[in-house]
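Naming follows writing order (A, B, C and D), and every chain is counted from residue 1.
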Amino acid sequence: MKENGRLQAAALPEVAHLKVHGRTNGSLAPLTLFWTGSALEFNIRGSEVWIEAEADYDQHEPWISIVINGSPVSRQMVTAGRHWICVFRGMNEQAVKNVKIMKELQAMSDDPGCLLQIHGVKYDGEFLPVADKPLKLEFIGDSITSGEGVIGAQSEEDWIPMWFSAAVNYTAMTARELDADYRVISQSGWGVLTSWDNNPGKNIPLYYGQVCGLLGGERNEALGALQDNDFKAWEPDAVVVNLGTNDGGAFYSPDWNDPVSGRSRKQRLNEDGSFNEEDLQAFEAAAEAFLVMLRSCNPQAYLVWAYGMLGVPMLPAISRAVDSYIRKSGDTRVSVFQLPNMTPESAGARSHPGISAHEQAARALSGYLKELLHA
Amino acid sequence: MKENGRLQAAALPEVAHLKVHGRTNGSLAPLTLFWTGSALEFNIRGSEVWIEAEADYDQHEPWISIVINGSPVSRQMVTAGRHWICVFRGMNEQAVKNVKIMKELQAMSDDPGCLLQIHGVKYDGEFLPVADKPLKLEFIGDSITSGEGVIGAQSEEDWIPMWFSAAVNYTAMTARELDADYRVISQSGWGVLTSWDNNPGKNIPLYYGQVCGLLGGERNEALGALQDNDFKAWEPDAVVVNLGTNDGGAFYSPDWNDPVSGRSRKQRLNEDGSFNEEDLQAFEAAAEAFLVMLRSCNPQAYLVWAYGMLGVPMLPAISRAVDSYIRKSGDTRVSVFQLPNMTPESAGARSHPGISAHEQAARALSGYLKELLHA
Amino acid sequence: MKENGRLQAAALPEVAHLKVHGRTNGSLAPLTLFWTGSALEFNIRGSEVWIEAEADYDQHEPWISIVINGSPVSRQMVTAGRHWICVFRGMNEQAVKNVKIMKELQAMSDDPGCLLQIHGVKYDGEFLPVADKPLKLEFIGDSITSGEGVIGAQSEEDWIPMWFSAAVNYTAMTARELDADYRVISQSGWGVLTSWDNNPGKNIPLYYGQVCGLLGGERNEALGALQDNDFKAWEPDAVVVNLGTNDGGAFYSPDWNDPVSGRSRKQRLNEDGSFNEEDLQAFEAAAEAFLVMLRSCNPQAYLVWAYGMLGVPMLPAISRAVDSYIRKSGDTRVSVFQLPNMTPESAGARSHPGISAHEQAARALSGYLKELLHA
Amino acid sequence: MKENGRLQAAALPEVAHLKVHGRTNGSLAPLTLFWTGSALEFNIRGSEVWIEAEADYDQHEPWISIVINGSPVSRQMVTAGRHWICVFRGMNEQAVKNVKIMKELQAMSDDPGCLLQIHGVKYDGEFLPVADKPLKLEFIGDSITSGEGVIGAQSEEDWIPMWFSAAVNYTAMTARELDADYRVISQSGWGVLTSWDNNPGKNIPLYYGQVCGLLGGERNEALGALQDNDFKAWEPDAVVVNLGTNDGGAFYSPDWNDPVSGRSRKQRLNEDGSFNEEDLQAFEAAAEAFLVMLRSCNPQAYLVWAYGMLGVPMLPAISRAVDSYIRKSGDTRVSVFQLPNMTPESAGARSHPGISAHEQAARALSGYLKELLHA
């Protein structure tokens, strides 16, 4: 093999014009990618680029996608340890390439050992500035928003990172359609009030204010995951909330037993199969409170509760919550948008939406956002 | 990171039930993958699998796709050297997974240093037999059949491995639709008589009889690339020939000058822009001769000349050649099938067919083959 | 031309096994078709059938579609007077054909002279029973549900019957997908509280209880249009309400001036462009009251408020109304379903949804109804 | 009903700016529409238009479509006798409408009594000139080109006019896509050499030179159907020949017995199921001779043999014929184009291509013609 003699290695802090996507602790030494869809982006005029990535985990390994000039070209697991990964080679050294190294796997709240970092690059040529997109979007959600099931056969059942994708799901598709930079805050199985299995500690609002507070362990704490997020630093034009699916599921799941207090809790069904009013109220109160929080964190953004890719049982409660919020706040930049339901044909792995279901959702949602944002 | 203590390493020859796709030298120590679409397939009941791959090249690095239970889950460059690549981990150890490690890059006739081998596996659990599919297909072609341009932005122009895909092109799609095992013999820029730039040494028939004779260099020779292919060992039900696009291009390309003899040659255009009759005859003779060769190598197969994804200028000449062959041979198991033309919307990188163009071609071709094979 | 000597004429009352779709005065002497989608259906074993239709109008002529074995084969204007219209001829006299003569034009509240009746048939062969479909659906709506704009070029602007279709719109498509008999109650420009131009007399609830009470003139009264509808006689499994689009439009339209009282009324916008709270309340009260009415008329039906083909500004108000109704009534068989929005590509004539927009809506709605009805 | 007092009646010869589509005897007193797709076109600024149509037949009644501003709005049977048919009414009298009254039914060679004529118009306002389209296309074919089966349920089996459509088939779709005026010469069951049932008298070339020579009976003769067609008067840019499907079928059909000579003839199959060489030669000779004829009649046109919507068994023979013609004539403006095959999903009535099959064919064919014609 012929070595490229002109390659030079550099730690990220030594490199100009790098752009980071996703909430971050602000450090490039190294860059830690917490959330799915988080990415390192750069423009480079050169023939070859490598990145040095480091991964660790107790169970669940991170994956990355490499996106070149807007097109995903590679998707791979990053196993434990530090690895030099070649992004491209043998390209026209005069042409400028836009590169995104994107985290495919969501932040893993159950695996405090899970880590993905980028230490440095090896390259020839020069880095050039990356312009911001005209719009900024934030997506908040659960497994759907984490792209769970986008990859893999319909028959797959294991809950593993391999089936998750950020580069190919409705968040990336919607952002492309609107020509927007975007961030994703999502966690499989979580809701607004509880997780699918009634755990009240597993809800997004609890951690929304932090960089990535749902991550456990000392290392993540040391990395700043628990720090307050700097909302001033990145102000989205719209925040899309795709939550409620797991809150709905909780009504059909067994009690959750608090290992500490020993107490158990559950969203109850009435004998006729309808939702227990009191428990539904609790969900609505949580949803309304989350809107208050989202507004205080994002003073300028349109808030869009987008829901429905796996059925619409919680739509009335979501509508009531949004409504009650608007009434009390007088804040009219909030709305509910129903997403198209997955069909047997558009299903992916693990009974989750597949690519075509995400494409459909992105078409509908981007159409709605374009009107809202006059984009 | 928690080690999986049960992992055991084994060289391929020590592993039972491995299935190899694509022409091969017969050795598993190591397994050399020559052609695009060549693959190592196995069924395993276990939780984790790695493969040890080795790559080398002067310029063009090989790429692989990992296909699990029929679904592509990972696609990555394999850089020079030996690497342990994790195929999957953390899966249900009781479930059986079907795995294909597929070569994404065509055999590289211009890069004698280009090499992709698989030495061994690291795994827990046990390997199980892989049944043969009910049908066997062979695809013979050029850049289209090599999946050039399936990956990457429409704006891409560099001729590099990154834009090639075997797992996502009309050959894989057609084989899936027919539930067939398949092989691919293809080379970008090559034709039946000459290459796009009139080089008479760059045509598929010259090397069809060998395992992978278009590969140069001592290493490839030592690996058996020049050996005669054992046609008895794998008898396709249909051979699809997607050649002619570059033979057509040759008429519009400059002369090719033979560095040895100093002589130059070219497929000529008449002043009115039509093809020079004599040169066209040469193409037809080559096409007819290739059919004779294909039949002698594949006594049982239906021979289908499938052409048209990048226009149909050579269709009449191909039809004449097929026709003349049938007339002389009385062999009626040969036909011409026109593939749908690429549109601006369905174009991929490097002005080559993109995914949707390959999907369209696969729909049309598989429909035709199903009738032919009563599949 | 060869006469068919076996043809016999009969007034409808003399014919066995006729099935009437749509609200009716019960008379077959003649049969009056009031609403769009209303139809005369029969099964006949014979070679030729004619119907005698009578039409009248001051401005707007009725249109009909002829549907044979579920497929629309003819669509024509019916001009003033009595006409024998050939349904089919020269067919295999042994085969049984299912025939539907369907009114393409909505009931015309502004044209008291508008009339469509069927007096008799001319036929050979014999009439056979028509089985009821396993499900019954009722659609209530405005111009969208009247199929306005399904026919005609996008450039069309005249408000005329020619652009309306019942046989080709989401109501027929959804009913086919669910294998359901169905009825349509719809009026262009009308809403739940007022019409698009703030006229409080033009809302569906005012007339829902009558056979076709929005029709004026002595003839319609004599024909029983103002009679109470017999809800016991036809009990739908689901009632789909697609209203609100014009109530939303009213906020952006000029005042309506009552010619009688001289008083004017209007749904007002606040200075910031939001809806006036009091006026929005009035809409919600009207929507809620309509649900009470629908339930009292349709004790068994699922009530589905399906809205969104021309934007979703009223969705929150509709959700509140549905919600408030459920809360007060404890009736849980009521829900809101958002329909996919029209796009520039799916637009038809007069800036209304075209065929593809109706197909999209039918796909989404029928998917939802299938779950609801376990169909 | 309110009469439109401004309506005036006029015989066609009295009306300015009428445009006639399709081969004609040149008379407007009345206008006889022979072939499917033949039409009367006009632009009118007015509020209301009627036409007086006359129909007759022994068995098969003609049908018409009314196309307004390019959009089909009505489709109806025209029963025997003279009828005033309203085209539109109540439209904005200031707006100009483009109107096409199109014959939906092919010329009926088996029904000498079949007739469709237009005598006059009743209208208000004024007629305006109709510009010619930039391109002219001629389509020659069989039942596929006659749009047989485009209308009606898949289960339909009767051979009747109701299932035929000109306004909705690949000829109209292709012409629209290319913005072309067009003519259609087609006959169900006919071929280049014989009909599907081996009748040598039922082939298009026999009658191509006449206005509509395949029509029998004194009335048609008196109407000029047998006159030589004036090819100078309308010179197409491309002639699309979609023939061969029935010539192929003839090999699988019983002998045809000549009632006169008592002799029988048949395209024979060899014992191995292949086509008898001699009979195939006869087909090729006929196809080649037809090309000679087409060229002599259409000196400037591209000749495109477009075939394949119902399978491709005759493709090699067609290619040979085209080829042999080119070789002997040196005429290079002739080519073969394979049309996409019908699938079970895209089938219409009577096992013929349905609307989606025609749309697919039109997409492929118009793409090819655009390149050819640089349109």
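The criterion applied here is as follows: contacts are C-beta pairs under 8 Å (C-beta built on N, C-alpha and C of every residue); 3 or more make two chains touch, one makes a residue touch a chain.
Worth saying up front: this structure is predicted, and the values here are computed from it rather than measured.
Enquirer: Need the graph distance between subunit B and subunit C over the touch network, please.
Expert: 2
Enquirer: Hey, which one of A-B, A-C or C-D is the same interface as B-D, over half the contact pairs lining up?
Expert: So the equivalent interface, with over half the same contact pairs, is A-C.
Enquirer: Averaged over CA atoms, how far is the centre of subunit A from the centre of subunit B? Could you give it in whole Å?
Expert: Those two chain centres are 37 Å apart.
Enquirer: Hey, how far is the Cα centre of subunit A from the one of subunit D, in Å?
Expert: 57
Enquirer: Let me have the rounded angstrom distance from the C-alpha centre of subunit A over to the C-alpha centre of subunit C, please.
Expert: The separation of the two C-alpha centroids amounts to 44 Å.
Enquirer: Once the touch criterion is applied, which pairs of chains come out as touching?
Expert: Chain pairs that touch: A-B, A-C, B-D, C-D.
Enquirer: Please give the residue numbers of subunit D that touch subunit B in the complex, ascending.
Expert: 272, 274, 308, 311-312, 315-316, 319-320, 322-323, 326, 332, 335-338, 340-341, 343, 364, 367-368, 371
Enquirer: For the complex, which residues does subunit B have touching subunit A?
Expert: Going through subunit B, the ones touching subunit A are 1-2, 56-61, 63, 68-71, 73-77, 79-80, 86, 88-92, 95, 113, 151-153, 155-158, 160-163, 349.
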